[in-house]
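Presented sequentially are two complexes of chain A, the first with chain B as partner and the second with chain C.
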Partner chain A sequence: MYWENYYLPETVEEVLKHLKDSNGNARIMAGGTDLMILVKNGIVKTREIVDVCNVKELNCIKEEGSLIRVGALTTHTQLAESELLKKKVKVLAKAASKVGSPQIRNAGTIGGNVVNAHSAADTAVALTALNAKARIQGAEGELEKPVSELYVEAGKSFVDPTKEIITEFVFDVPGENEATAFMRHAKRKALALPILNLALWLKTNSDKSMIEDVRIALGPMDYKPLRALETENILKGQPLTEKTIKEAQETIVKEIKPRDSFQGGASYKIEMAKVFLARAIVEAVSDLGGKIDG
Partner chain B sequence: MGKKQLNLNVNGKPYELYVEPDKKLVEVIREEVGLTGTKIGCNNGECGACTILLEGEPVASCMMPAFKAHGKNIVTVEGLGTAQNLHPLQKSFLAYGAVQCGFCTPGMLISAKALLDKNLNPTELDIRQSISGNLCRCTGYKKIVDAVQGAAAELRGEKEVKWPVTTEDDIVGSSVTRVDGIPKVTGESKFANDYFFPNMAYAKTLFSAHPHALIKNIDTSKAQALDGVIGVYTSKDVPGPNIVGIMPHIKDTPVLAGDKVRCYGDAVALVVAESAEIAEEALSLIDVEYEPLPGVFTVEDAIKEDAPKVHEGGNLLLHRKMYRGDVEKGFSEAAVIVEDNFKTRMNEHAYIEPEAGVALFEGGVLKVYTITQGAHYHRGEIAVNLNLPVSKVRVIQTTTGGGFGGKIDVSLQVLVALAAFKTGRPVKMAYSREESMINSTKRHPYYMHYKIGARSDGKLTAVQAEIYGDTGAYSSHGPGVLTRTAASIIGPYEVDNIKADAYCVYTNNPQAGAMRAFGSPQASIAYEALMDELAQKLGISAVEIRRINGYRKGSVIPTGQVLTDGVGFMETFEKVVEKSEFNR
Partner chain C sequence: MKLRGKGIACFFYGMGNTGKPNPSSAYVEVMQDGSANVFCGVADIGQGSSTVMTQIAAQELGIPFEKVTFTSADTGVTPEAGVTSACRQTFISGNAVRLAAKDAKEQLFNEAARILPAGIEKIASKDGYIYIENFPERKVSVGEVVTTLFKTGKVVIGKASFNPPIVALDDETGQGIPYAVYTYGTMVSEVEVDTETGQVDVIKITASQDAGKAINPMNIEGQIEGGIGIGLGFCLSEEIFLDKGLIKNPNFNEYLLPTALDMPDIEPIIVECPEPIGPFGANGVGEPSNVPVAASILNAIADAVGCRVKELPCTAERLYEVLQQSSN
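What follows is the complex of A and B.
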């Protein structure tokens, strides 16, 4: 027996009411693609399920002024197919398009991907590079917190799905000289967790000759998507040249400390990080119409 | 826990059901709605056999609570077309030969339907992506992709899929539609897990907790006491000799382990209960007292003098010699000699359908509907171990979802028969993917030492090889597999002087058995690598050295047999050279 009760509320209010009434014995389910396995393997035990799949207000991708809002219930398929994201926030559309398989993408959501707190969760890595914030609602009210601060330890989120819900993710619309890229390598093209993924957000000066600002996130490296801060610092303010990229590659090699895993060896991951870093920069810059000087 | 009302619309028909809130969608579709075309291959979202359309989108119904679909529209394979009126996709899958065992087919068809519903002009990549969540272990994907293209063309109104493929008079020399094809594309085929009988009970196996241990005691009392448990059985409850094995002279595998376990895949106890969930819970209540023994996990360790013995007779099960000519002489004639060590690893067959079976008494005959590649062998083992005359046992091979050699050995057949025999009830057993992996046979891992000599003109003069096959805890086909290796020690190449020593060795690893090509692929890893090395050293091409030595009419193989008819190697080889553009 997995659970005794199953609720299908239609509003956030009802969700919070169920969670409160159950007093820690109920848990949110979105797509269920992580939770079903956690429950089956006895890692998560819950007496009640509050399935949020019918809370329509949480399923949306909107551009509002300088912000993009992505509802926590948006599925990977919706992210991957969103014209808005494909045009302006490639990193997120592409990350979502790489998750599992069509069946998994049709059910799995961005909220679940983040709360499951896996360090290489594809959309979570992308959101980290986008510096996205999560809006969290609980009995005590609302709270906004950067995605990068939602990790307590591997597999454990700051968000407690027995008490609160992520309603949406918010980040800045990439501006005129800003572009993103996502790189991923896995043993197979479908149904395989990443050996390595890397998300990049980058801003150049107006003539696209210099990197003004940059954010790089990678998984699986740490207990959460890793920001390569030293590498970012090396890149900031530097001209877009092969030399700059080379220096950044040398830095990232020293900065990251991946582990040997079933997916791949540490030394291999380091080599791939070097390759991905260069490819991501080249892609982002060329999307902006710029190029890397020799 | 109370049942709750669940409203589903399945294939256009409304259903008002009452089910437990923790039922999975796949269970409700199969057991409550009664549509068994939707399959379970992994219960982990990984294989796609359970794919259905939920509000038009393909999803894995094994990963969904049924209530997620409350009030929603579902399409299963049964909703595509009927035998009399096949959907273009169903016709096309048959016409293009995209259906083999048929276990992946319903999910595959549903994923393809989801694609064509949105896009009637798919590229090959579109198709491959649309079925990327569906694994097929038999057909490969090429024919499936072609079949989807074929169906798309018909749906665009361009070209009808040629169907039926053949009429009765032009069967010889032409492609024919497989005899069991139509039910496989409509979802009507019955695989073992698709059988349901009134009053049916469910059985589960308790597997060993150790790879090598003595069993000191098994206390089943707590499990027996659990509400809903009908019986818990151990080795003492097996009426017959409690031993099986495909090699008639080497029966070494207990049905239920008695005094000792030799691998994790050993069955230690059997629970029969009113539901699979109760049986599962009961497993955790069985107390087995083990005395762990040191194990052997590599052939190197297993053949040492003082190695722990997996079986009383020692760890060396077979030494097969294949000697011909004079290798010393052969090597002395060689201009080049190459030599190396090789190791291959264990393979799992990973048929998409895990093991399943249902046993029941009908008119005094014990009928066992089950997956099998050896119905008569299984019948014999059931009869002997239940002390029944073979005439009182009937094994019915259900549509079998892939085997590749892995469904020849006894897996759960004797257990499910025992469960029905003891309880008098129809009993079903269905292994999960994990149980299937733990219990089923594997391809033998090999340790090989090879030495091959060739003259300066490229002609092979001698081959000497020592091969160790790890058969795991039980013999299964081990001796046969190693004998086959010895006989094809140098594959399709002719050599006059041969000395091959093949050893079959017990370890505490999972039992190895039959798998496609039965001992030949492992050896090819070694000799093909060395053929390349020889060519390199002789300064001739990798193609040339194979042309010089390949089997032709009149060639003599290691056993001394002279090949007279149907020697297709050179023809095949030249085709490969051409198609692979090897010489480009």
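What follows is the complex of A and C.
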């Protein structure tokens, strides 16, 4: 057997108690779609597994005032099928719909996707563009941290799954004149790491002629989802014209430093970042009922 | 911009081992309850050969499909059939099973001719009965014939082997007759190319293939669809990366076979052009549909965008580079 004890708690309190009692020898498992591979290949060793799939309080998608709260154990399938997200936060619903395969989406959770700390994890890229915060609960209490600050290095999360658990993600409900988009380019249509994924949040002025604010996140470019801050600055305050998009494309080329990989060569990834940045802006603006002027 | 194109490719494909003997053999025992046990070493690796061999034996003996028990690929009991490869089993083992069933049938007919009575050339069998062709009410069940023979101390066992007629290839000239039979086909692919990314979406493939005689049409459609899946991966996504002779992507998360989502709409068209030496006119269909896939897709891409990728797989990145070069 790969572990000695397997726990199936039903509350966050019980989860934290198991972790505390095991003193670093227990590890949280959510969907297990990433963790089980690591455990079976001997890359992650743990004496005890705390399977959190029965902690129902962490499985929810709620709109509360100006905020949306997504429980960390919400599965990719639930995110992809959520009417609330599809209507108001397209970027997250679409990102979740692109993860792995139906089996993986049924088991895998948004919390697991983030704590696994892969720079191209689709929902993590979307959460980064949404400027989402994660609530983390441990023995010492609770803290809130932006998703973009949860990465220590490639594959290593700030969240220690032997000590603490992400309970939920919180972000602002996109308001009037705000729209989102998610783009993904891969070598096949399912079960393939992306050549590139890109999430966009965008706010225009009331007549949809100018970009007031924008956030762009990309993977896999760095050890974490990369915010294209310079490109965002180029776009802010600019009219929605082809010229603006062209300037943004010229900026993103300088800003990203992808690597050669099985998925594609660095120069191709840069070209694709240009293409999908433009497509994301066009889609978001079109969803708002606006258009790009020539 | 998204551009669409259509491409065509034709093929022919030889059945069996190239220029070498590759026999198969079978036993058929007919039982007193009118059933038959058929033994042949053919390995059904999912392609459906056990179903096809059962159909062939039932058809030749003139007994219902349900009355045939087929034992395949057990070296403890089944005779040699050679490997399941080269599209040879329906053609070669199919012939061996048919001939073994014919051998058993002749034993049955000899006795039936005495029982009915009638000239052996005038009798036939169907649905478990042996009857006079022009007078079908005069009949005797297969089981009764076997029982009668048993009472005289005889057991009905047929056996046969079949080797395709080939002429070995000359060592010096390479000349000979490498295959006894061939199958032929044509494939049309329709694609949509995203010219900004190089992404190819195969929308539809229409695949016509000569099956000689379609012994099991649904099985053949499955083979055509499977072959297209293999050809699609070869054409668009399957790639081995080597580093000093070692494979860098030995797992299926980086060696990319097509998924269900990548498969196009497929319209298989079975063409029945009887093969004179095939069992009931049949020939093999397993691998050939894989042959024209890449060619037809690449032709469709060329039709859509006017330039060609000459290295496989034709990934989005490779096509993108070719598109960039051709636009410069």
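Note that in this section the second predicted complex is superposed on the first by the 294 of 294 C-alpha atoms of A that agree within 3 Å, B and C clash if a C-alpha of one lies under 4 Å from a C-alpha of the other, contacts with A are read in each partner's own complex, and residues count from 1 in each chain.
In this text, contacts are C-beta pairs under 8 Å (C-beta built on N, C-alpha and C of every residue); 3 or more make two chains touch, one makes a residue touch a chain.
All of these numbers come straight from a predicted model, not from anything done at the bench.
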Which of chain B and chain C A:L191 touches, first, second, both or neither: both
Which of chain B and chain C A:E4 touches, first, second, both or neither: first
Chain B versus chain C as contact partner of A:Y268, first or second or both or neither: second
First, second, both or neither for A:I49, with chain B first and chain C second: first
Between chain B and chain C, more extensive residue contact with chain A: B
Partner chain(s) touched by A:S101 [first = chain B, second = chain C, both, neither]: both
Contact residues common to both interfaces of chain A (with chain B and with chain C): 101, 189-191
Complex contacts: residues of chain C adjacent to chain A: 196-197, 199, 237, 241, 248-249, 253-254, 256, 258-262, 315-317, 320-321
Residues of chain A that touch chain C when the two form their complex: 101, 185, 187-193, 195, 262, 264-265, 268, 271-272, 275
Of chain B, residues touching chain A in the complex: 1, 4, 20-22, 24, 43-46, 48, 51, 54, 57-60, 63-65, 67-68, 70, 111, 114, 129-130, 132-135, 277
Contact set on chain A toward chain B in their complex: 1-6, 8, 29, 32-33, 36-37, 40, 49, 51, 53, 77, 100-104, 106-107, 189-191
